[in-house]
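What follows is a set of structures for review.
Two complexes are shown next, each including chain A; its partner changes from chain B in the first to chain C in the second.
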Partner chain A sequence: MLFTSSIFLVFSVLFFLIYWVFSRFSLLCQNGWLLIGSYIFYGWTNWMLLFILVAVSSVNFLCGRRIINKSKIVKPILFFGILFNVGTLVYFKYANFFIESFRDIFGPSHLENLSTAKLIIPLGISYYTFRNISYLLDISREKYKPVKNWLVYYNYVSFFPSLLAGPIDRANNFVPQLILPRKFDKEGIKNGLRQFLWGLFKKIVIADNCAIVTDAIFDSSNAQSGSSILVGLFIYTLQIYADFSGYSDMAIGTARMLGFNLVKNFNFPLYSKSIPEFWRKWHISLTSWLSEYIFTPLNIAFRNLGRLGIVLAIVINFTICGIWHGANTNYIVFGFVHGLFFIPSVLKFPRLQDFLTRRYEFVNDLLGFLATFLTVMFTFAIFKAKSITIAIDYYLLLFSRSIWTVPTFSSGKTHVAMVLLLCISLLVFEWYQRNREHGLTIHTLPKHRAWRWVIYSAILFTICFLMPRSNSPFIYTNF
Partner chain B sequence: MTEIIEQINFLARDVFENDNLIVNESTKASEIEEWDSLTHIMLVVAIEKHFGIRFSAREIQSWDNVGELSDSIKMKIVK
Partner chain C sequence: MQKFLFDCFIFSLLFSIFYCILIIAIPGFLGVPTRYYTAESSNLGYSLQEVPSHTKIDILFLGSSHAYRGFDPRIFSEFGLSSLNLGSSAQTPLQTEALLRTYLKEIKPKIIIYEVSPIIFSLDGLESSVDLIWNSRLSFPILEMAFRTRSVHAINAIICSLIYKFLKPYDSNKNQLANGMEYISGGYVQTNGSSYIEIDYPDETLYFRPEQWDAFERTILLINQQGIELKIVQSPIVDSLYHARDYNSRFDTKISKVGFYTNFNKHLKLNKNIDFLDSEHLTSKGVQVFNRNLINHLNLKREVEKIIDLRK
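== the complex of A and B ==
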């Protein structure tokens, strides 16, 4: 079930009504209904996947219960738990990739007995696996105590707003919210609705309209010019941002309407002035997860190598970040390249940087912003392409003479012009809002209530008016 | 300020390239702009070299403030 589907509208209204009625009775009723709702939401498209979700939750809950004291079995249990989670993820998500890569290298006759077609990737597996791994690691390090109540733990793993595409909440933030009853809070619900509306706008109006243009450009790149690819990459950058941050806004907004506070997942990353700053603001819950459980242990292990050790830790960390996105060489290359972009920041000279910042702050900021935006935009070619060969074709076109030609678009010039206008409007509007909680934090802005309702009505009208006939699924629910 | 804290302060100024930095027992990494996950490890390396000690990965990730870091150093030196 997706946030943009009509069935979700019916589900959410019924679910919310019962949820808040149950809040009058007991915490058990509230948490019980929350878990039922999460399973209905998850199992709607394929109920068979529920078995995997329940099995994974059960194994991790039981492992957590065994890590309850400093006994000798803590390490074997932790090892088993991590192996189980990583094994499940690798089996469902990467098995086909490994078999196909093996056949590509050693010939099609190898691994003949293994079929690559029948595996279905369970939705959200990358997200809930990371939740489970961080829980086991944290309790083994005694950062917090294991969860005693199975209903609380199963809700932590399966919480439907963040189940399919994050944010990847840690247990120390989320579990305490499940242990206390949620109280009906009118302001929280209103703020949640605002954030949901902003996410819906970004997804339906911006991302889905961008998708029509980028699909037309990149699905037939051979017939395109460098200039069309350039425009396509600009639109794709805004599409992927609007798609994923839109999903996160809807997830956080929905959670808020249920009385939960999820971690922020995007902090207006397109205005970053460096690649490290971009990654501190893009998919924050994943990058902070990787930073804590991959980068920091590697950095500690390599600490005697000095700056080389830091570079190694960063490059490995970002390559894993790329692999996390899926079983495709493109994602691995994308992560690796972004890891390399960190090298200048590791070899930085703070005193020189301070001097430049003090003397030429505006120029420094503007150049930093443009360089970061263009770097991210150009590397999204690797992300968008179906293979590395196709990505190289995009780059060859970008550096050919056709970059100076007038771009042509099969989706129609008027539509492309409208999409460009929408992209620029989004950039301007969010720039103005960049220091606020989310894009539609406007309840503190105009003093007159009527102005706010004009904005809400305009957004709703735009959603209805510019909604494409067929809405595309969220990009990040595939990861 | 104890002698160990004074030496941490000296090393932190060098690692963070901030001559005006002052840390005390209650100082947390989050309170100092230059103290992030990268510079934290650089500070640890500087401390290990200076005191001739070696921390475990668990210790490095366990300190909440400079006071706890100082206690860890004290225990290693006594041993």
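== the complex of A and C ==
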């Protein structure tokens, strides 16, 4: 079930009503209903996937319970737990990729007996696996105590708003919220509704309309000019941002309506002035996870190598970040390239930076913003392309003479103009909101309720009016 | 909580009014998305007007443009067969089902000839839904179809058509058919135009939308329950296009399992230069050849007589 599907509308109304009615009885009722709701949400399209989710939750819960006793078996249990999680992820998500890559490198006759399996990748597996791994590592480091109640732990793993595409919440933030009863808070629910509405707007009006243009451009890239690819990349950057941050807003908004606070996943990253800043603001829950469990241990391991050690740790960290996105060489290259972009920030030149910051602060900021935006935009070509060869074709077109031609679009000039207008409007609107919690915070709305309702109605109407014929699935639910 | 729910209710009510006003005002004001909100150049309005005068007919034709541009009631009447053509542009099984559930009991045909083209199973059916919403009388099956289309635009079309029809009765006679098209009584649309020019067709693959296949099966069940003889046919298309499809035999097998099915691409050889207007539609001459062949091949005259005898 997706947030943008009509069935979710029916599900959410029924679910919320019952949830808040249950809240009057007991915490057990609240958590029990939450788990049932999460499983209905997850198993709606394919109930078989529930078995994997339940199995993974059970193994991790039991491992966690064993880690509590500070016996000699803690390390083997931790090792087993992590191996189980990584193994499940690798099996479902990467097995076919490894077999195919092996054959590509060593020839088709190798691994003859091992045919690529017709595996269904369980939705959200990357997200709940990371949640489980961080839980096991944190309790082994005694950051917090293991969860004793299975209902609480199962809810932590399968909390439906963040199950399919994050945010990847840690147990220390989420579990305490599960062990206390949630109380009906009108203002919190209203804020959640506003954030959900803003996310829905970004997904349906911006991302789905952008998808029509970018699909038309990139699916027939051979027939495109460099200028069309350039416009396509600009729109794709906004599409992927609106798609993923829209999902995160909807997830956080839904959680708020249930009385939970999830971690922020996006902090207006498109206005960053450097690549490190961009990654501090883009998919925050993943980058902070990687920073804590990959980068920091690597940095410690490579500490004798000085700056080279830091560079190595960053590059490995970002390559893993790329691999996390999926079984595709493009993602690996995307992560690796972004890792390389960190090098200037490690080998910084303090005097030059001080000089620029003091003398030309505005110019420095503007240049930083433009350079970061363009860098991110250009690297999204690797992300969008189906293979590295196709990505190279995009770059060849971008640096050909056809970049100076007038772009042509098969999806219609009017539609492209509308999409560009929407993209620019989003950039301008969110620029004004960049210091707020989300795009539709109460502070920016009129004080009088009637005017606020007019604004909500206008947004809802725009969603219904500009909704494309077919909804594109969320890009990040594929990861 | 009660106060919050009350606020939600009031907001929903006000928003519904606001939405209805805007949905009427904005498309007219912008003049842009008429493709979603009004029926354009539709033949269906004309053919549905003929329903009251075409009850207890021998044959009812259903399907997409292959049907309304491919079955000429004048040819069938030459054989003593009365008929009505309710084919419409890009009519998918979802619309066929809604049409039948709304009009079948009124028309009471002896035989239904249902034209199925593989492509109709891969369409979302939005255009055809809008066409039906505007031109048909509003019924529960039509509303159900709009929801099954899973598109907000179909719902918008319902709202628009309801309000427009309430303010001013909708006159489907004002529908303008495309240039070169002429509506013939009985639901056939005759098209005049230049003859077919051969082009290369890329290979096509088949995609069945589950909701369309489900609607198709429900339609067949409905026809069978009414005791009406059903003939499923596939109209002839240009050979080169037909052979660009790698799924013909799979499609034929799948459809044959559901009912009596004839693929006229196998039974009839037409001349692409004379009998085709474009890759999928026939000239008047092509329609003559096809219809006569169909009447003989399916032995329709005999079938109708048999049904009359049985009913006696």
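Methods note: the second predicted complex is superposed on the first by the 469 of 479 C-alpha atoms of A that agree within 3 Å, B and C clash if a C-alpha of one lies under 4 Å from a C-alpha of the other, contacts with A are read in each partner's own complex, and residues count from 1 in each chain.
Operating definition for what follows: a residue touches a chain if its C-beta (ideal position, glycine included) is under 8 Å from a C-beta of that chain, and two chains touch if they have at least 3 such contacts.
None of these values were measured; they are calculated from a predicted model.
Aligning the two structures on chain A places chain B and chain C next to each other without any clash. In the superposition on chain A, A:Arg141 contacts chain B only, with no contact to chain C. Legend: residue contacts after superposition of the two complexes on their common chain; A:Ile310 is shown touching chain B, with no touch to chain C. Of the two partner chains, neither chain B nor chain C is touched by A:Lys183. By the document's definition of touching, of the two partners only chain C reaches A:Ser6; chain B does not.
Of the two partner chains, chain C is the only one that A:Leu460 touches; chain B does not reach it. With both structures placed on the common chain, the touch criterion links A:His448 to neither chain B nor chain C.
Applying the stated contact rule after C-alpha superposition, one finds that A:Arg401 touches neither chain B nor chain C. Of the two partner chains, chain B is the only one that A:Thr296 touches; chain C does not reach it.
Superposing both complexes on chain A places the Cα centres of chain B and chain C at an angle of 180° as seen from the Cα centre of chain A, in steps of 10.
No C-alpha atom of chain B lies closer than 40 Å to any C-alpha atom of chain C in the overlay.
Within chain A, not a single residue is touched by chain B in the first complex and by chain C in the second. The touching residues of chain C, counted against chain A in their complex, run 1, 3-4, 11, 14-15, 18-19, 22-23, 26, 33, 124, 126, 150-153, 156. Residues 141, 291, 295-297, 299-301, 303-304, 306, 310, 346, 350-351 of chain A are the ones that touch chain B when the two sit in their complex. Residues 6, 20, 184, 186, 189, 453, 456-457, 460-461, 464-465, 467, 469-470 of chain A touch chain C in their complex. For chain B in complex with chain A, the residues that touch the partner chain are 17, 34, 37-38, 41, 44-45, 57-58, 60-62.
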